[in-house]
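A quick write-up on the structure given underneath.
Read from first to last, the chains carry the letters A, B, C and D; within each, the first residue is number 1.
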């Protein structure tokens, strides 16, 4: 290294952050060019967890391929499954019963809360505060327990199927969710006490990783990261699916465009999700949880695209069908992939410490980027 | 703008485009040669303003490749799909990384997965595949890997 | 002439009555040992033996402190993080750190290729030696001090700044970019925070008029400085705590080893016992700075007295002085641990901003106030 | 005013840090908030939800009879090739040949617990068990035969 430092005239230092690094939460590999502490360039190298899900799906039937998508963005597995189910339903024109719709939305929002909880803890951990991580897990575990009870798994549920959901809600579901709501309301102010209000945290976040609204659109940044720059990009509002158009909730927007704005968007989004859950939990209609579908699903020849809002941004599912039982080509437009492309733009000129702050607020899930 | 209005306007702008029927969003096909000017027009035209490329991918049709661009306008909230048919042996198309910067990553992915060469791309390197990858492009239909691919 | 290692100073008798009440003193024991050794082998050999005894005591204390502080840190962290913490090895997990030590001892100590082998292996020992040297002037209990230096405070601030060399050495010799960055951060950090730590210590020196730790403790017989010195001393105490947290590279100032940025900073490449030495040195440094804080601001081994409450003071006097000292020190250690598990880490430029824009001006003005206070005799 | 801003800054910062410290001190002193479950110790009292997807099992009744007809619906539904149905032909008392399962081989190491086979099964022959401690020393032990030796199909299941 001595020679290397001497060789570069400007004293630039090229550092590998990842694929095994505490801040990348997975196997993301960033090649960083540093000048002292200042970042000159960030170059992502992907593929360490690429499982070629798109290729795998080409050989799976329309019922089977949904389970694979849980493994993309494993923190919002429900929403991924939901997107796939929606796409198949769009192609087959299946009418989903009301009960199934409500169950799906409930599960989506619970997943979103769980995902944001984990993000919050991991974000604080990136910045050096360890305690919030464990506190976030207390609430997250409650949601996971609810999921486990109804769907049978904690992380990769495979609960959504074309035409509805796989099983009906567990009889205890409503009670457990209400308990969770009480717990959440009791504990959420602690998040502000421990992290949001903290002066060190605010200084680390404010003005860091700024991205302008134009760049947000150009880079295709979506989700809370885009809304932190004031770009309205909530698919639930813009292109409502399921019953989102009938629900009362706000699209959270901040205009500062820095890491702190993105942080606030996510925190307030949890409140909005709680609002949705509160609206629905007592109003789950009776009826079927699954539409009657054929045993073998065949999509007509054509192309189908659905967009849903995951916890990280816009997930697009693009199915090209040749009329068979398996998709001819499937493409997942994952939010993390586009969000990552803006990372270099966001952190250039910042300090090394800013990199983890910006990366934390982008909420990258590496399997989602690599697919 | 509704889909019909959009279609009328786009037909006027790009008379050479061939339209597909029965799709959710207006879908038209162009030749790779005109893609660069079409993309510029879509991005800059005040009535269209397609400033958000939300999906860019490629489909291998065994006889040819098709680039598929999903475009959206954050101003007017309308979407279109543009397709370009590429030659399978020597696929080449102009890059749009200068127009929509998100395309930089999408195109790198398509480049390694399908072998499409994007002319004028600022940084066309392997993104997901390991360095020094040789052989066929994995997402093409005729890709075979006897070691790692298991046929059930 | 040899300097006496175990020195027994004639205690300044500020209040004759108190002196009689304080029941338990190490002076008698050390005097007896000294006497006995002198009679047995003569003055020269007696000094040698005393040195050996002192050395063994320091090493023993080192090992003990390492074990105690590690388990303490883990328990504090666990309880703050709504966990149970180590609870498997020994009663309530109290032997966990012993098991960890054994594990670290039997682990292979790796030296990476391309590292500067000499410096790489030397660095952890420098860190240890610095920590050991700092033990010398600390008064652990009444009349229990290894080396009563008349410039004790100066000695501590001089020696403690050597520790940065070990970190720089480790960072440079590792041939690792993370280590180098961590070491550079640490260098900038320790050098800057030395200033405000020094200035806040000076506040007490100004009030006492002596650099000797014994004199400083004696001056607090009628009340600790933190109570006697009004607001300026409280400000000095706060700056001291912040500065020493930074100086010992503890969170929120752990930039030298910031794991989310630099994986492990300067000790990325260290393993086995060499890593353990760094680890131990960090904890012992924490103990030492807290001991100094306790000595300067909280009266060292002096018991807690309230004005004219004779009965209360009497009871307090019966608590052994070593318990007072360790109690105060461990309270400060707890404070530092509490900080660590609550706050996020600062960024390097904010860290330097905090020092040069906030702590340094505040402690300078504060020193001025303390000086005025000391001259006018406004303190109790 | 610069000085008042400066002092305000300092006090605001101290206050924000104090709030955080107060919160962590609360948890430090309130041990009843601890949520740790000491897993291997609480194994006796650990209850998993009845829907938990642990592994695929085939329930047998006391007469060693199962409900599997060997229709291979589960094999077709499985995305990973986890289940392999080996059929044989039994001779019924009337002398007719009847298809039945010889072995239902289940590869736990390939299973992703997606529940698709359970949903696909027309005769409710298989279900998910609530086990989760699947570690074994040898990979071959993860390949299981679900039907017990000598088991027969239950009367009346078609």
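Going forward, contacts are C-beta pairs under 8 Å (C-beta built on N, C-alpha and C of every residue); 3 or more make two chains touch, one makes a residue touch a chain.
Model, not experiment: these values are computed from the prediction.
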Notebook entry, point to check: A-D or C-D: which has the larger count of contacting C-beta pairs?
Noted result: A-D
Notebook entry, point to check: Which chain, with its centre taken as the mean C-alpha position, is closest to the global C-alpha centre?
Noted result: A
Notebook entry, point to check: Centre to centre, by mean C-alpha position, how many angstrom separate chain B and chain C?
Noted result: 64
Margin query: Nearest whole angstrom, what separates the Cα centre of chain B from the Cα centre of chain D?
Written below: 41
Margin query: Using Cα averages as centroids, what's the distance between chain A and chain D in whole Å?
Written below: 24
Next item on the list: Could you put a whole-Å number on the gap between the CA centroids of chain C and chain D?
Entry: 52
Check: What parts of chain D, by residue number, touch at least two of the other chains?
Finding: 17, 20, 23-24, 27, 35
Checklist line | Residue numbers of chain A (touch at least two other chains) | finding: 131, 135, 138, 194-195, 198, 200
Notebook entry, point to check: What are the residue numbers in chain C that touch two or more other chains?
Noted result: 80-83, 341-343
Notebook entry, point to check: So in the complex, which bits of chain B are touching chain A?
Noted result: 22-25, 27, 51-55, 57, 59-60, 68, 70, 74, 77, 81, 100-102, 104-106, 109, 127-130, 138-139, 151-152
Notebook entry, point to check: Can you list the residues on chain A that touch chain C in the complex?
Noted result: 1-2, 13, 15, 21-23, 34, 37, 124-131, 133-135, 138, 194-195, 198, 200-201, 203-204, 351-356
Next item on the list: Spell out the part of chain D that touches chain A in their complex, as residue ranges.
Entry: 12-13, 16-17, 19-20, 22-24, 27, 35, 48-49, 51-53, 77-79, 112-116, 119, 128
Next item on the list: Spell out the residues on chain D that touch chain C in their complex, using ranges where they run on.
Entry: 10, 17, 20-21, 23-25, 27-28, 31, 33-36, 38
Notebook entry, point to check: Which positions of chain C touch chain A when the two form their complex?
Noted result: 77, 80-83, 114, 175-178, 180-181, 185, 251-252, 254-255, 258-263, 341-350
